[in-house]
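Before anything else, here is the set of structures, which you'll find just below.
In the two complexes that follow, subunit A is the common piece, with subunit B as its partner first and subunit C second.
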Partner chain A sequence: MRSRLLNPWSDNRAERTLGAVSLLVGVAVIAMIVFVAVQAWPTISHNGGIEWLGSGGKLERQVEAMNNAGTNPTPADYHLRAWPLVYGTLLTTVIAVAFGLVIAILSSIFIVDIAHDRVKGTVVPVIRLLASVPSVVYGLLGILVLVPFVGNHIITSSEKAQHAGEVQLTGQGLLVTVVILTVMITPIMVALICEALESVPKSWREGAIALGVNPLRAMLAVTLRAARPAIVAAAVLATARALGESIMIAMVSGGVSFAPRPEDGIVAIFEPLRTLASFIVSFQEGTGATALKSSLYAFALLLLVGALVLSVCGYLIKLPLRKYQVKG
Partner chain B sequence: MSVYAPQRPMTAGPGRRSSPLTWRWIDRLVLALAWGAGIGLCLVGGAIVIYMGVRGIQFLRPELLFSRPAFGTTQNESGGFLDPIMGTAILTAIGISLALPLAVVSALWVNEYGRPTWLARVVESTIEVVAGTPDIVFALFGLALFQTQLFAPFSFTASGGGVFGRSFFAAGTMMSLIALPPIFVATRDGLQSIPMHMREAAFALGKTRIATIRRVLIPAVRSNIATGVTLGVSRIIGDTAIVVLLLGATLRLEPQGSVPGVNVLRGTGSTLTSYIYDNSPAGEGGAPQKAYAAAFVLLVLVLALNFTLGRIGRSSERKGSLTAAQGIV
Partner chain C sequence: MKRIRRLSAAIAAVAALGVAAPAVASAATTITISGATASYPLVSLLAQKYNKVHPKKIKFKIAQGGAQVGVNDVAAGRVTIGDVSRDPEAKDPAGLVFYPIAKYAICVVTNKSNPLSNLTSSQLSSIFTGKTKSWSGVSGASASGTIDVISRTSVAGVLTNFQTILLEGKKVVESATQEASEGLLKQQVESDPNSIGFISNYQADKGGVNVVGLNGVGCSRATALSGQYAGVARFYEVTKGKATGAASQFIGWIEKSAAAKKIINTQWISIS
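Our next item is the complex of A and B:
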């Protein structure tokens, strides 16, 4: 009896209890998918499956109609064509990841191979710092520093006048969004790529150097090549971060559901946009209107599905890495 | 000829430490770009810290930290941010107190029991999914969850019976999902790095698995858990989307109900992040000086946590690792 009081948990019981608690997370994830899907269902069914992802009409009008419909929307009020948001999301994500990847690969090589210990001792903490700055601080710096700078000094007044009829070029837009997003996702990629480069056996590279290749070329041709899957995995993880970034983009991308038009030439990079996540933040007050609320959940479902697909991709990419004992 | 005779003196040729000056131009370009990328990131980080520091010193007054927000038309009248700081503290407390047991128990079960194996894999995968899910999706999930009648007692209810689903409790619960993955990963990595013979020694002394976990393993991974918690805290205090959607948009803490303590948890409020968002030109406030001051406080908190992380990390194995420092799954 005394031992039972001192040590109340038998091993079997402990195993079952701990296991049950662990499964709670799984329950939460399933609940999340179910809740979001149920809320999104009206929008999906009234728009015929995935047609709400297409283009057509003005998004602003559709949102207004949803708001006007209030709590008793007819099926027609659910009409939604969210292509500008999908396009904005893809545009910002792809550009930021592309730039970020190049910067991350170069700076990883710098950290792992080129920098002396003292330089490394400065760069690594700074990258950790960049990774831990909250997104709202990035957004604040963007809207109070970068946006006025771009609006006053980079966009010329003739460009503003030329497009004044369609869209106001204030500086809020694609350029500032992509710049800040790149700064936000680069540290993640640097971390993963550095770790992969360090875990590639040194002897491989030394072999190449012994054959007469210069150290940098050996780095690029041998080490970086061996770490290719890890680089792709890093890009996938960074894509997931960029897709879900909401607050910063809501602050600096301009509050218009406009999509930058490539035919405008260079001005397109100054044009405002919205992404799926930033739209949810901007219209969170609109959850009183049933149709709009359902649309917001449809966007969330899209983001969730995207995140799930990316995490499966990340898993599949890391499979060959495990074979080579390279950590990724 | 059977004997290899070098045609050139060895000092200039390959095999010696080669100077970049002798490389092809493309290699030199890559080298220059790598230097540029590394130094460039440093400059960006330094610029952010210096700029925020200057603005913080310019606009932060001690009384701002200890006065409550007020409704004023100018920046001098709108009060300080005592309530947002308290809001951040309350959310952190709720989030960590929910996430810590869940994450540590999951890590222990996956690593120490993990039977059946497929179920352990499923648990690990779900935590990876949680880590990859955008916070805005958690926020909408929380809104849907806490608007159901089952969870109505946990949030602000309008007089007409409409459940708003917005409260400290709702936001804190969702925050725990954000803090969960870093704590789980840190604990699991710690457990994996404990050599098997430590467990075997405990078993040989007649201890059961659960007793080994309590007496041997948890004390051994304490610093890893601390690392995870630090990362979790910095995730929570930096998160904005969940706060904006789930905490209501009241500047002050607005308790609901009459039970002391619980009424605050059921009520609405703000945190430092939502205070910054509301006072920036993107929100409605338009008080950039207050936003700068609050952002400075937030950045100082984050930097302090970062520093703590460095100190804890020094005693654990993966010190200086960038992935560990970011809690990447």
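Our next item is the complex of A and C:
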């Protein structure tokens, strides 16, 4: 046995072993999705398929009923309408990615095209560092610095009084969540987009400039255009991180399953919310109650499906952009 | 070749360690504990002292996770003892035995800039159920504007106790901000001048917030000890069936010995 292991492997054998290992990864992913789906099934089936994604009633009370039902819930205890969570997730993710993408594209153009080498030499490593800061650090800064600032200096007491009884404006809410989320995901996008812009052959741009196009327009029309697949890839990666962000959002979003209401005007940006991922973190203590556990699995399944849809969409969007693709 | 041999030697060494470590651990009796974050400081102090009094007899592994985690883990047999910060409930799995080990007070707290000294029971439930929405309706409060009610998520043991003991079964208003832990709740009360919340007495004793009295009685260890303060709850050690062996000895020591009582009475209140 020992000598067999220590002797060099034949190509055939090494291939099969490596193939088995990579197959194992695929099997593990499928097994995980199936397991989560099976665990989530009671919640899904007792709520008529996809009705639990809709709105209706108070989510807080539904969760309380699940928790109180303990280990022997009746089908009625599974009643769940999780729209506020789905809405909160979509709202934070879409806003943060939209802002982040604009900032990332503009700053990448600056770094690649305009910045002096010395500036570039400091900014790029700093951005790489920012991209790897653990999210709980951002959460801590949010709860200790941003939330009190917004709550005590930006929200007026008349705004608070106007909505008293429906929703508390404490500073924890959409604004702080989106600001921190944007700060968290932008560095990843900047790093990826910079690399893509740099890998576009210089001659392409020089050709455009030689034809009389000014440098900024050449950047936008040629270099940025060629880097589009990489920009989509960066956005997909950032969206995935924003979707799954849990601990930071649980700390700064206000911990109420309330959906910010656009009809409240500007006040809506101060209103608290919960996302699917932050809900799972906040209620992990509730896994003792069978119905609540199944519902947490349902939220996890939704996040898994969301990630899957996201990567498929990213792939489909990239297909027609491949024409002028550079490797990025 | 040489590299592969070295690699396999390293793997073998790690594997040997992996097999050996549990073997060493099982030589001494191990008590595993999980559960309430609130009682963790007390239980870990007790475990340290127990090991000093009975050297090398027992190895403790204490994890946190929350009262409900303690109940689930002990019911499923994953741990020897579960720590629970609320009274037994009808929904708890059958066959669990709750041993009360200490009492603690639940204090109502406000921001330092709002040194409210006292609330009556009816004022308290009016504020926490959302009937009183503004500080101008609360006599003695120096804050103005809306009241921000800071609560805990519905799975927290302290919230359950707060509602049954201090709100007489009424529910905290739905719009209340929910925090996932006592620390986060305290932080929010510290930073928001309009807020009111509730935490256990040893968290309140650490300062940073204004502690509000109830019906003319201040919230402290002393008033909870004398029985004047109404909001007193219990910590439990929970076992599946009656405690046996090392767990039984440990719980018995907490209940009876003078050393344990001394530790409990530093910040908490002993049962007897």
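Observations on the model:
The rule is simple: the second predicted complex is superposed on the first by the 306 of 328 C-alpha atoms of A that agree within 3 Å, B and C clash if a C-alpha of one lies under 4 Å from a C-alpha of the other, contacts with A are read in each partner's own complex, and residues count from 1 in each chain.
Here, contacts are C-beta pairs under 8 Å (C-beta built on N, C-alpha and C of every residue); 3 or more make two chains touch, one makes a residue touch a chain.
Quick caveat: nothing in here was measured; it's all calculated off a predicted structure.
Because the two structures share subunit A, they can be overlaid on it, and in that overlay subunit B clashes with subunit C. Shared-chain residue A:Glu64: touches subunit C; no touch with subunit B. Of the two partner chains placed by superposition, A:Ala37 touches none, neither subunit B nor subunit C. Looking at the shared chain after the overlay, A:Glu15 reaches subunit B, while subunit C stays out of its contact range. In the superposition on chain A, A:Val137 contacts subunit B only, with no contact to subunit C.
Contacts of A:Ile154 after superposition: neither subunit B nor subunit C is touched.
Put simply, more of the residues of subunit A are touched by B, taking subunit B and subunit C as the two choices. In the superposed pair of complexes, A:Val281 makes contact with subunit B and with subunit C alike. Legend: residue contacts after superposition of the two complexes on their common chain; A:Ala268 is shown touching neither subunit B nor subunit C. Of the two partner chains placed around the shared chain by superposition, neither subunit B nor subunit C is touched by A:Leu53.
By the touch criterion stated above, A:Cys313 is placed in contact with neither subunit B nor subunit C. Among the listed stretches 147-155, 237-245, 255-263 or 309-317 of subunit B, only 255-263 clashes with subunit C once the two complexes are superposed.
Judged by the document's definition of touching, subunit A residues 143-144, 250-251, 281, 284, 287 lie at the interface with subunit B and also at the interface with subunit C. On the subunit A side of its complex with subunit C, the touching residues are 5-6, 8, 58, 60-61, 63-64, 67-71, 143-144, 147-148, 151-152, 157, 160-161, 164-168, 170-172, 250-251, 254-256, 258, 272, 281-289, 292. Put simply, subunit A touches subunit B in their complex at residues 7, 9-11, 14-15, 18-19, 21-26, 28-29, 31-32, 35-36, 38-39, 103, 106-107, 109-111, 114-115, 119, 122-137, 139-141, 143-145, 183, 186-188, 190-192, 194-195, 210, 212-217, 220, 237, 240, 243-247, 250-252, 277, 280-281, 284, 287, 296-297, 300, 303-304, 307-308, 310-311, 314-315.
Listed in rising order, the residues of subunit B touching subunit A in the complex are 13-15, 18, 20, 23, 27, 30-31, 33-38, 40-42, 44-46, 48-49, 51-52, 101-102, 105-106, 108-110, 113, 115, 119, 122-123, 125-130, 132-141, 143-145, 177, 180, 208-211, 213, 234, 237-241, 244-245, 273, 276-277, 280-282, 288, 291-292, 295, 298-299, 302-303, 305-306, 310, 320-323, 325-326, 328. Per the touch definition, subunit C reaches subunit A in the complex via residues 1, 4-5, 8, 65-69, 71-72, 89-93, 130, 133-134, 144-150, 153-156, 174-180, 184, 187-188, 191-195.
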